[in-house]
Structure formats: structure tokens, C-alpha cells
Amino acid sequence: MSEPAVQEGRHRRKVRESVAAALEGLGDGARVMVGGFGLCGNAEALIRGVLEAGVKDLTLISNNSGNLEKGLAAWLKADIVRRVICTYVGNNEDLHRKMADHSIEVEIIPQGTFVERMRAAGAGIPAFYTPTGVGTVVAEGKEHRDFDGVTNILEHALSADFALIRAHQVDPFGNVRFWRTARNFSPAMATAAHTTVVEADELVPLGAFDPDDVHLPGIFVHRVVEVREHEDPFEYRRVRPRPDAEGGA
Amino acid sequence: MAFSKQQIAARAAREIAPGSIVNLGIGLPTLVADHIPEGNDVWLQSENGILGMGPFPYEGDEDPRLINAGKQTVTIVPGGSTFDSATSFSMIRGGHVDLAILGAMQVAQNGDLANWAIPGGKTLGIGGAMDLAAGARRILVLTSHVTKDGEAKLVKECSFPLTAARVVQRIITDLAVIDVTPEGFRLVELAPGVELDQVRAGMDAELLS
Amino acid sequence: MSEPAVQEGRHRRKVRESVAAALEGLGDGARVMVGGFGLCGNAEALIRGVLEAGVKDLTLISNNSGNLEKGLAAWLKADIVRRVICTYVGNNEDLHRKMADHSIEVEIIPQGTFVERMRAAGAGIPAFYTPTGVGTVVAEGKEHRDFDGVTNILEHALSADFALIRAHQVDPFGNVRFWRTARNFSPAMATAAHTTVVEADELVPLGAFDPDDVHLPGIFVHRVVEVREHEDPFEYRRVRPRPDAEGGA
Amino acid sequence: MAFSKQQIAARAAREIAPGSIVNLGIGLPTLVADHIPEGNDVWLQSENGILGMGPFPYEGDEDPRLINAGKQTVTIVPGGSTFDSATSFSMIRGGHVDLAILGAMQVAQNGDLANWAIPGGKTLGIGGAMDLAAGARRILVLTSHVTKDGEAKLVKECSFPLTAARVVQRIITDLAVIDVTPEGFRLVELAPGVELDQVRAGMDAELLS
């Protein structure tokens, strides 16, 4: 009589005491998704932690790659990224220079296709058709196919070894709530990565969330670390003067 | 002697790794919930939109808008969440559910599963069965060893419409625990007081032991 | 000088005073999605309203088609449905009889494929690949294609003229919150239908919801009607005895 | 005279139907927000995850985790919502956004749009431009009539990499409002004090009037 399969699953004891422990196993050549729209919603401590771990040859999958020398800009400065899959370079001078001298390989794709490819990976869909990019460089070399008279291209699922996610609150099972537009790509990335690591402003007890208000269920999260202090830099701080002494946004 | 339904359920519960996500099919698999040890970080997923499904509610607490995939009133444990069906099937189809425990009408020696329709019979529907069978990381089948009429359910080849091809990894019946291997069915253990010949007699396929 | 395009958009004055007004334009032969998992999350008043409107030859797109003579069972009884796209028939005797005597055309599809096809329609994806159904009757006649050694079939987007959705709360723009498992297929249906009609237990003012906690943004909703009373039948009422005088679920 | 930037924005605001969902691109289109009449049920969608985007915050209320697609701090109006990028691009790619108002480097007489890269120049990236151009129900372009160097932006055929093919329906420049029709560019109106010849001189394509 053989014993039943009782090896431990991945949904036990997710809370890690340090960033380094949360990043265990993220090694050279890893494919890493990093949440955030620009600097908004970056997992700041995890981004620093990867740098401190001394890994290299990473494939970075992120909408942007840092700006104003903040966020993922440090990864580019430290030359630990071999390839970038992103949608927007913007004024990231490090990336522009590395693209120009071919020291880094950059694949720029439409933002909707970017997130849909990750969502597909997480949802068990190996490929899907989309009209976005038809007639552009994005469509070059891709299968074209008409549906109902509209030309589409075939796009494939995009997965990763790790996803580094910034949460507003997390519970010990890994249920996440985000804050405002800091949510962006993180939920899709969490579903598409083999190991999803969450850096949260606050670790709350199990049961703290109303079941209807969990933004990302813990099934998509594997490690959790609480980091109370964040810089949350303003990328473009825009305000307007108050009409008078009182009033509010 | 053989396993009772509750004993099948208890034996199935031993297949559940601590810290895993499990979906329990309708019928016999539902009974497994009562046998999962507390504090084991096992989270039950219900495809109609619950992760962290709890037991039936106490009398008076039942909510018609909080049900399981069998449409029975249930509860949610602390840390549980609700979501829409697209998210729920992303979990299932995306390989995020570690184990699905399903019922079966027939299982073939290559792992083919038939559990949704009998030719000429009343079709109840597919529901989430095909998604679970194709998407969950591991498929465990709980079933009576033979039908009410004594027909074998573990067979060389399914004669009933398939739910999914080559997906079943282990089967627990009232007579035995049996694995699907590249060589075919292989005995894992006998139910107490059951003889190997009895297990083989109720099958329409070879059983390696 | 021609005038710019100023015809009114579809996101104005969504609140309707009656169920009949909310269903305006739903005519013979319409393709209608109805939310709910069994009887849980049915738009009860809208379902009755369609019946009272006297329309016929509908295509019903719903996970189930009523049970215990409740919910959509009334549509079958009244013979207003020509075709059903669903995932589960269960003990719906009306539907079994009509399937047997071919007085209704029934397409039964896997539940994950069902919701993903609607989600695809709402997200501008005409078709996608999935392994679900390979090797089964579901795959018959469909394109097969291997990705990374796994066989998949091609499935197409599923859209509708109307979606009839039950909400817990709705605001005048159509932002929706659902209650527990009454959410199910409704969000995907809302995105996939030309006209989405929401029946809500409660109409709340604009701004009542925290922006982070809207389950279905109003962009996917076109008409709203408040219906305070609902039967919410138990399909299978299961309870357990309390261990003693106190205690709770 | 010609239109000032603010006048282009004001003219563009007249294109917005009451009760519609609008996405404003980065740059000149952003200015349109200030010209939308109140109480018009116009909802601004921002592809980074806002429906119901409001004006810049009052000083001291700015939140680095509440930004628009241009990464500027913004606010949310009552009835607004936030969501993840998959949902946001479902709105855009699923045809739920009624109008996208975009900038352009070049527009061709068949409606081709180029607004993301200059050959040999610094590539800023695609961002949401291709999704918006392909997915929104109506595409309105706001642009200077010619480049800083006096080059035409309204052309027979785009020489710059395309964002999307045959999608632009109307263009508002500092000199004129111009439609893309099956026959090519057609004048809709001239900016105050601008002559037709001046509009034509700044184009590298026919202009029907």
C-alpha cells in the first residue's frame, strides 16, 4: 500500500519576514513581471530586493521600466536586464541608450495586447485573436485571420517565473486589495506568473475583507511581505489652486 | 466490507495536500469537505464564484444568494472571497486549482473520464465538468466500483461521451484505490476486507497489482 | 459649415420607472442573456417583464433555464424560447421534454467556455483557443490546433442583443455591486450585450460607492430599474443544526 | 488668426455627445476636459484604470497612486470607478468607448493614423494608442496643421509607422476641421480668418470642399 500524495501545497505559510525571503528562488535569467503604471503601484522594496540579490540576465515584463531614475530604472542602471517586454519607454534615457547600442533587447507591444496576453496565460488560453496592431509593425510575421469581415492577428499567452506586486492590503492567504490606480497590471500578472510575490502596505488578519471586496483572490498569490514605508513618488505632480479657503477635491 | 460513502470521502481527504486549492464535484465528492482536517490551509473553490467555501449554514443563517455549484446554501470561511464566473474559470482553466475531486460514470484505463451524459439517457448538462477535468492540476475520481446494475465503471475504453481525455490520475471506489498509469490501471490499495479478485471482477479492464 | 456629431450617447438618463420601460426594444427573435447560476442572481422582475411583453422566438443565453417551475422556467412554459445556449439542464423537465420532441434547439457547452466566449465578445476578441472540450462532442467540427504540445480548439465570441442582470445595488450611471454568489455570469454578460438592463434591489446615489469597490462599471450598463422585492427562492436549502443555543455561521 | 490650442480643445468638446464615454489622449487632447459642459453625462475613461476621471486635484489633495494615463495626478468624480488594466482594455478594445480624441504625427487621406514613432527618431512607445485607435467607436484627431518645421501632417499616405489603419474619422487642426471620407479629406469648416488656400498649402493631399 503506497501512501497518498501529501506533499505540501503552495498555499501554506505565505507570510515572509523579509524581502530577501520573499524573493527566494528568483535567479539569473528569470522572467519577471513587475506591476505598476509608470511609478504608480511599484513594489518598491521587491524591486530593490532583486537588485540586492545580485541576479542578472533578467527578462523584465512591465508596462514601463522606471523613470526619473526611480523604480525599475535601477535595474537598467545596474545592467541586470537582458530583455524588456513593455508598452512604453517614454523619457527613460537609460533604456533609450541601451536600445540604441543594442545592449538590451526591447519588445514594445500595445498595452491592451500586453495585459490580455498575461490574462490569457493566467486563464489557460494559449492564444487569441485581436484587431489591435493590424496594419502596423506589431502585426509583422503574425498570423492574420478575418472574423466577420474584420482582420485580426493571433497573439500568444505571456507568462513569467515571478510577478512582483504592490498591494494596499493583504491577508495571510494572499487576498489583496489595491489602492486606486495602483492596481493596473498587477492582477493579470499575478495570474500569469509561477510565483507571485506581494509587497503590501499592510498585512491584515484573515477575515478582514468582505468576501465581495477582494480585488485579487489568494489563489493567485504565493508569498506575502509587509512593507509599511513607501516613497510613492509623484511622476507628474499636477494640482490646481483651491478656489478659496475651503473646498476639496 | 468495502468502503462506505463516508469512508471513500475520508480516504479521499487523505489525498489533499495541506496548503492546496480543491474543487469538489457534485454528489459523493461533496462529502469530502467534512473530512478535511482543520488548520490545514485547504481552500475549497466552488466554480459558481467562491474561494474559501465553508460548511452548510446554521439554521436561520442560510442565504439564497450564497450557494455552491450544487445550488445548495453554503457559507464562506474567513479569508474567503466571491467573484464572477470569468474569474472563477480563470482559476480552473488556468491551472490554479491543485486538485479536482469528481464523480464518474466511466473511467478508461488511459485516464479518459466520462461523467456528464449517458447515450440515450437524460442529459443533465456539462456544467463545469469539462473545464475542471481539463484544467485542474490533478484529477481524483470517487465512484462506486460498479453501477447499480452491476456494470463495470472502470473500463478499457469509455462507451459514454467523454468529459475529457487522459486526465484521471487516481480513482477511489468502494472496493479499492486505483491509479491510472502509462501501463493502465494499477492497484494502490484494497478497501478493508476486500479481495483483489473481487476488484478485478467488477472491472472491464486489466488491473496491475 | 456642418454641425458636429451631437446625437445623444447611451450613457444618459439610464434610470427607468418601470420594468416595461427598461425592456423597451426587446422584440421577437432577440438574443437575450440572463444572469444567474440556477435561480441565484436571477433578474426576477425583468424575466417576468419579458413574458408580459408577449415577445417570442427568443434565443436564451443562460447557464440554466429555470428550475422548480421558477425563474426562466416560465419562458419555457410559455413557449417564447426557440433556442437555448446553456451549460446545464439539470432537472428542468420542461426543457428535457422540449429537447426530446425537438420543439426547442439546445446547445450545451462547457461553463468555462460559455463565460469566456461572452467575456471575449465584451473585450473585442473574436475567437480564442482552449483545451476544454478536446476529445469530446464539444470539439466536433471545430478547428484543432496544438500550442506547446497541448491540443486546443477554437471557440468564438458570444454576444447578445440584451443582457438582463440582477444587481444588489446600482447607481444612476449603472455602476453595480452584486451580493455574494449572485454575481456569477452577470458581469461578462453585461459586457457582451448591446443593451444591458440592470434590476437592482436598491438604487443608490452617484458617489455612494467607493471607486475601488464597483463590481461592474457603468460603461457596461445601459438601463437601470429599481425592484425592491425579490423572492430569491432557495433551490436546495441546506443547513446544519446549531451546536447549542448560541454560535453563528 | 487660426485656432489656439484652447480653441482646438473647445471645438473638439463640441464633438462629444452628451451621455458618452470618452478617452482623451496625452497632450493636446487632455485640454479638452476643461471644455466639456457640466451635467452632460460625459464620462472620461483613462486606460490606466479610471472611468469618471475628474480634474487635477486641489493642492494638498494629490495622491501619487491616483494618476491618469499621462501619469499626472488626477481625481475621480462621484460615480467614478477604478479597475485593473484587463478590464480597462476590455472597455477600449470591446468597443465600449464612444470616442477617442488622439494626437497625431500624420493622418492619411484613407484614415490611417501615425502617432507613436518617427523613423530614426526616439521611440517613446506604443502605450494604449493602438488599442484606442483600433477599439474606440469614433476617432477624432487633434493636431497642429503642420509640424514645427512646416511639414504637412495630413498626407496621401503615412511615411511614419502606423498606429492603426483606416480609423480616423475627423481631424481638428489649428486651421480647419476636416473629415476623412471615402473620397479623401473633405473640409468641414475653416478656423476663423483662415483661407482655404492656406489649409491646402499645409497638406500633402487633396482637400475636397
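A, B, C and D are the chain letters, set down in written order, and residue numbers restart from 1 in every chain.
Just so it is clear, a contact is a pair of C-beta atoms (placed from the backbone, for glycine too) under 8 Å apart; a residue touches a chain by one contact, two chains touch by 3 or more.
On a predicted model such as this, the values are computed, not experimentally measured, just so you know.
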**Fill in**
Touching subunit A and subunit B alike are C
**Complete:** Comparing C-D with B-C, the busier interface by C-beta pairs is B-C
**Prompt:** How many angstrom between the C-alpha centroids of subunit D and subunit A?
**Reply:** 28
**Asked** Between subunit A and subunit C, what's the gap in Å when you average each chain's C-alpha atoms?
**Response** 32
**Request:** Provide the C-alpha centroid distance between subunit C and subunit D, rounded to the nearest whole angstrom.
**Result:** 35
**Item:** Per-residue overlap in subunit B, given as positions that touch at least 2 other chains
**Value:** 50, 76, 82-83, 89, 92-93, 135
**Request:** Going through subunit C residue by residue, note those that touch at least 2 other chains and give them in order.
**Result:** 116, 119, 123-125, 130-132, 178-180, 183, 211-212, 215
**In contact (per the touch rule at the top): chain pairs** = A-B, A-C, A-D, B-C, C-D
**Asked** Which of the residues in subunit B end up touching subunit C in this complex?
**Response** 46-50, 54-67, 69-76, 82-86, 89, 92-93, 112, 122-131, 134-135, 161-166
**Asked** Which of the residues in subunit A end up touching subunit C in this complex?
**Response** 116, 120, 123-132, 147-148, 150, 152, 156, 177-180, 183, 211-213, 215
**Item:** Of all residues in subunit C, those that touch subunit D in their complex
**Value:** 1-2, 4-13, 119, 121-125, 171-173, 175, 191, 206-207, 209, 211-212, 214, 217-220
**Item:** In the complex, subunit A residues that touch subunit D
**Value:** 37-41, 63, 67, 86-91, 96, 99, 108-113, 115-116, 118-119, 130-138, 178-188, 215, 232-242, 247-249
**Asked** Mind pulling up the subunit B residues that touch subunit A in the complex?
**Response** 14-15, 17-21, 41-43, 45, 50-52, 76, 78-83, 87, 89-98, 135, 138, 177, 188-189
